[in-house]
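Chains here go by letter, A, B, C, D and E, matching the order in which they are written, and residues are numbered from 1 within each.
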């Protein structure tokens, strides 16, 4: 059976992880029809998906995350995965299971779990300026100042709304998981337009002083390359960036350090990347779709895919012994935060595209102008309200 | 030559030359980048000449660079584009020419309204009609196929082609049709025997224009294609966005040039006729 | 049998009437000229005969058959246009044989006809050229050849010579005339050149504003125009119109003329009874330039005229003078030419003079010469 | 002082010589006509006088001053073009005053001049129109007004009337003539219309292939053309050229003429000593149409001629006949017009006949009439 | 012509009374020929636009959902500051773009009209950017403007180490970069159109100007250029159309950034319809863009037509 897979896994480790899946699928006698649509952080792929669905010809499997899964499921476009979901309830942390379910049924299968609130530090540079891994923003700026003084770019940043938002999210979380939940996930106007949020924007403003001046349009992987090559000290990016480091032959703890962002200890912001399966001609799930779903959920792929992608397996039964130190820490944190309530979806996962876009508009505008923090907070509240 | 005249000539050439350099700069940069190796890229400036003619990046972009999970380079996309472009250019030019002929030479009550109505199709932003178009193609069972793309590209090219041809045929004396009708020829025969043979200049303009536009189209190409029918612009987009750590600018630029090569060639070969055709018909001054 | 009959034909574009009831019968083999100033509807009428325009009202019959509803190709006509309308992409040969080809004439037959036509028009050596490689006169011949090859019952010409220069025009004019004589076909020929009108046609229809002003033989129209428009339109250089007041003298009529050199009352050759005007009324005296000549020995009573300007055209000399305040032209022999400013004695041959109403332009004399 | 002097002027485009040594002196106030068939270099010469083309060799002087190196604006000339070349975006007023404005004439002065010029050309009511709102004749007047306003020492005209229809042409012709008389300026006027050439100029330069064939007064050129080209070019309808063989008879010369109706030897009025040809040699007899008229009572020895075709033009009737195998035109009075095919008795007035060499076209008679 | 061509029965063959169908066909064929295009246009242009207009009055988010929402989507749109930013940006993009393309194109056309050598080569050089897709052109210019390996880096490598050229990262100057790329792409075409127009101006008019004593600049300014209104209008129409439709260039060069400083209405429409899952608002913006198109282009088409009529 031809299984057309629409995805935007086009960079680095992503494409290798996808290739693993492809080989697995072809081993059991199906044909993987690759529909990669790069660009725009998946926007192009989503445009294609919409027109495909509307033309009555959706791809069989689609890379998807976040509330989009529920949206599509509510449109009755997806096939339920009851046939393969078995005891996923026991294997997945509830916070993650929730994003895959609609109306009590699983509609998505998770590939792996990303932790977003990571930061990467170029170890030689940190050593050069005699710093330690910062755990608060004050500590962070102290180290950053030293790097700046030594003539380095302190923060490697990619000037895209996407990276801007990723950076912003970390600051919000440093104000506490409840604040994050209220402000970002629930879009609470009061929280969004609070003094705390003003403080967030202040930190954001201060951070921009440590960017270099060529950020505009730089993809995140090039920002990662700056840290890899020693051109910059810090990178704020999810664990997928680790793939870039390992692809460059860098070893955690030796060449670079991965650490939780300042003020983020005890918080795990996740992105559960997954696939959903579109009904063909409005009918039942095809054999290929179900087999692909179970392949993804198999410990073998969970292990290898997560490794390539720099993520961690979503299923708690998969051993992570073979992972690097960063991933081991993430896996441990996953379990502990799941218990403590610190496991929250990243905004990419936890908000609608509309809200996400509204947040990005305000944040990216703030970074690229000299707006003051108070009015940015007010704008944010207004924009999120309008988009809800 | 008088000295003031000489100064004027020098100034003219200086200005023209200056702008020629500016116009060529991006092409030059892209070209030399595509001929460099990665280490070379890191050391020199973008203006520096490559150390040698190194077509490795071209080879990689053509046949082995990864675009998503597939690592076949641009090759498969290239052929898709060819399959899409050739029929749509031919069909849209043919329809445009016969429309233009009917509108210019067989004016009837309402023909101006029809012309304006058709012309409007040229001005709409295409993002606005993506979804209904997708639904329609789905109804025709042509969604995400090359025939579907051909239909879309043809349909949205008709307005412009019709305008070009109409403006060209309007300049022809109405007596030609009259003479031929008296000679006993009908609508199609007059078109086929009399107007088509004198339409070469405007056909050149139309074909060049349509070719570049359809070849370069990304929006329709990405939205209405399926995995087996993606045009080269989509391939280029995937390739440029697919990266392993270090961005291979030489491969990206080579890919961009491969993508642009057919249109550049069409312009270089047909450019003269393009201008001539424009002078002959499209512009009235 | 009539070759062409136009019965009460009207044409309007939208609400604008262009032809207002045209009635013309053309005998078989006759050469009819349609003449008139620009925009009077000549082309429109021709296009209606050809079937290229619809007929708003009235009836057109070709060879006795009403053709109102026939498409052009079924009317058995051939047409030559002002712009020639040669098919630019075809060779001369193809241009000529196109109509035959459409009518499914066999190739050998076509070849024979094309060559015969080309021969008769002396364009055999041009058969393989494209129209753009031809001179104006050659194009004209090809256009004619295209019409001839079809051998229709009716030829239509729409100002076929107006794009040619004067010399070529004269030449082609006589060729068309010979062609007509040879083939004996009915011809309907539009022009706004009066010389063409005079020299080519069996009859002329002078049109103005969609109405036929006069229909008649050329000399008839030249000598006895129905009104001032026709009189002024036909003839080059045009008829002189001298304004004045009709006066009675004895049993005859006279008109005062002020020549700049003298003031005199000229006796008019009209019988007062025939003239639709009474003494005292303002009239216009029409007199053709060739009727005013240098006075010779035989001139009984020459008129002295002050010369404004002279123009030696070669064969003749034109003299400009001002009569009753109006510029008047006289055609004299070259050797009689005076200098500007001088006075000259002229012979006014009033035997063919005409009298018009200055307002309506209608003829006032009884049509003596008609 | 000469108004314009052209001394041994050559012009080549690349290697192609277009003018091959032109020498013309134009007196101040003289009206010179440059005439010749298309492509003979008339416009090129005019453009060189205006400074719009460089001079390959030779010298041009205007008002005594050599202008070879002066740009057009310093030559004090005005030029009227065939296409009129009105500035399309300017009103008539602006068109006329543009040259003055460039020369920094004060606004009030400009206004005065424009209005005076417009007055004299009767275009005052058109001053605020754009060129496209004008008829051909009106455009022509504006073009003239533009030239007049500048009040230059030399006027150049490049076929200014060729875009007008016949009637307007006649009218504008006389206006140009009057304008010249009024202003007394030197004029150099290009045309290829022989009537214009004959009627307008003080002198005519007939050009062919970049060489002046003849330079002289109009009547001189009409009566005594230097060669067959000039003879055929000047005069409308053109001179008849009847081929034949020179024969001696007694002390005189004769030529056999076959008219289709009879065959006769005509006595030529040349003294054999003056003629550069001997009996037995092939020659061409040149005879203008108006010299062949209907035989009257006074005609001593009329020639019977078979008529091919007649063309009544109104004032005259043209008769086509074939003499010695060559189409010949005769101009007779309308009432004398015979039918085609009939024979008519014609009076051949050979007193102004010319004799040419059929090969070179050179005059063979002694220039009797010159 | 009876004497040269014997009457032939075959010649008259086509003259039989025509069938009713052929009379009908003669009259209606032009319409019949046009009707497929008319139908296509009714479906693919007007029909689809109507569908989009309908969407703008619904609650559609991720996918079309036909639940009426009145004018709510328009209220959303008009209260969205990004929309107004996009509209303002369109002004700041299109005015400089049109003015520069026109001016530069005209300059190049006039200079090329001076009987210069190598005109063909120059024309090809100015015209080739038109052959490139906006994606490729935008990417190439992005590299050039990128301070790390673009112009700034190059100039610095030449020794001017303090040279600053980083417009792409400056929200006030980023639009200038897009404008430059757009001008680069269109100017050659504009120049070609103007050149064609200049070649159509009667040469005698220029000669008349010279004889009248005007210098070449004056002749162009006062005589030639005013005569080129129709061409000017055609070019203006094309450029305006191009400006309103510019999309790929922004995507490739700036993706709307920095911030929203290079968002254009077309980008807004795409982004809201497909990326943001706010299809209703996207559709409303599409309708507004159409309104703009009609409001700007229809009068211009009318003016162009009039200019052409006047010129003839």
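By our rule, contacts are C-beta pairs under 8 Å (C-beta built on N, C-alpha and C of every residue); 3 or more make two chains touch, one makes a residue touch a chain.
These numbers were taken from a predicted model, which means no experiment stands behind them.
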Practice problem: Give the chain pair, either A-B or D-E, that is connected by more C-beta contacts. | Solution: A-B
Quiz item: Whose C-alpha centre lies nearest the centre of all protein C-alpha atoms?
Solution: E
Exercise. Averaging only over C-alpha atoms, locate the centres of subunit B and subunit E and give their separation in whole Å.
Key: 14
Quiz prompt | CA centroid of subunit A to CA centroid of subunit D, Å | solution = 92
Quiz item: If you average the CA atoms of subunit C and of subunit D, how far apart do the two points sit, in angstrom?
Solution: 26
Quiz item: Quick one: subunit A and subunit E, Cα centre-to-centre, how many Å?
Solution: 40
Practice problem: Mark out which residues of subunit C touch at least two other chains, giving numbers and ranges. | Solution: 71, 73, 102-103, 150
Practice problem: Could you check subunit E for residues that touch two or more other chains and list them? | Solution: 14, 26, 64, 227, 270, 274, 311-312
Quiz item: On subunit B, where are the residues touching two or more other chains?
Solution: 130-131, 133, 184, 186, 237, 240
Quiz item: Once bound in the complex, which stretches of subunit D touch subunit E?
Solution: 47, 50-52, 71-73, 77-79, 81-83, 85-90, 98-99, 102-103, 132, 146, 150
Exercise. In the complex, go through subunit C and note every residue touching subunit D.
Key: 165-167, 170, 173-174, 177-178, 181, 192-195, 198-199, 218-219, 222, 234-238, 288-290, 309, 311-316, 318, 320, 331, 334, 340
Practice problem: Show which residues of subunit E lie in contact with subunit D when the two form their complex. | Solution: 202, 204-205, 207-214, 218, 222-223, 226-227, 229, 310-312
Quiz item: Once bound in the complex, which stretches of subunit E touch subunit A?
Solution: 61-64, 76, 79-82, 142, 146-148, 166, 168-169, 171, 174, 251, 253-261, 270-272, 274-278
Self-check item: Touch list for subunit B against partner subunit E, complex
Solution: 9, 12-13, 15-16, 19-20, 22-27, 29-30, 33, 41, 45-47, 95, 98-99, 102-103, 106, 108, 111, 114, 116-133, 136, 155-156, 158-159, 162, 184, 186-188, 212, 215-219, 233, 236-237, 240, 249, 252, 256, 259-260, 263-264, 266-268, 271-272, 274-275, 278-279, 282-285
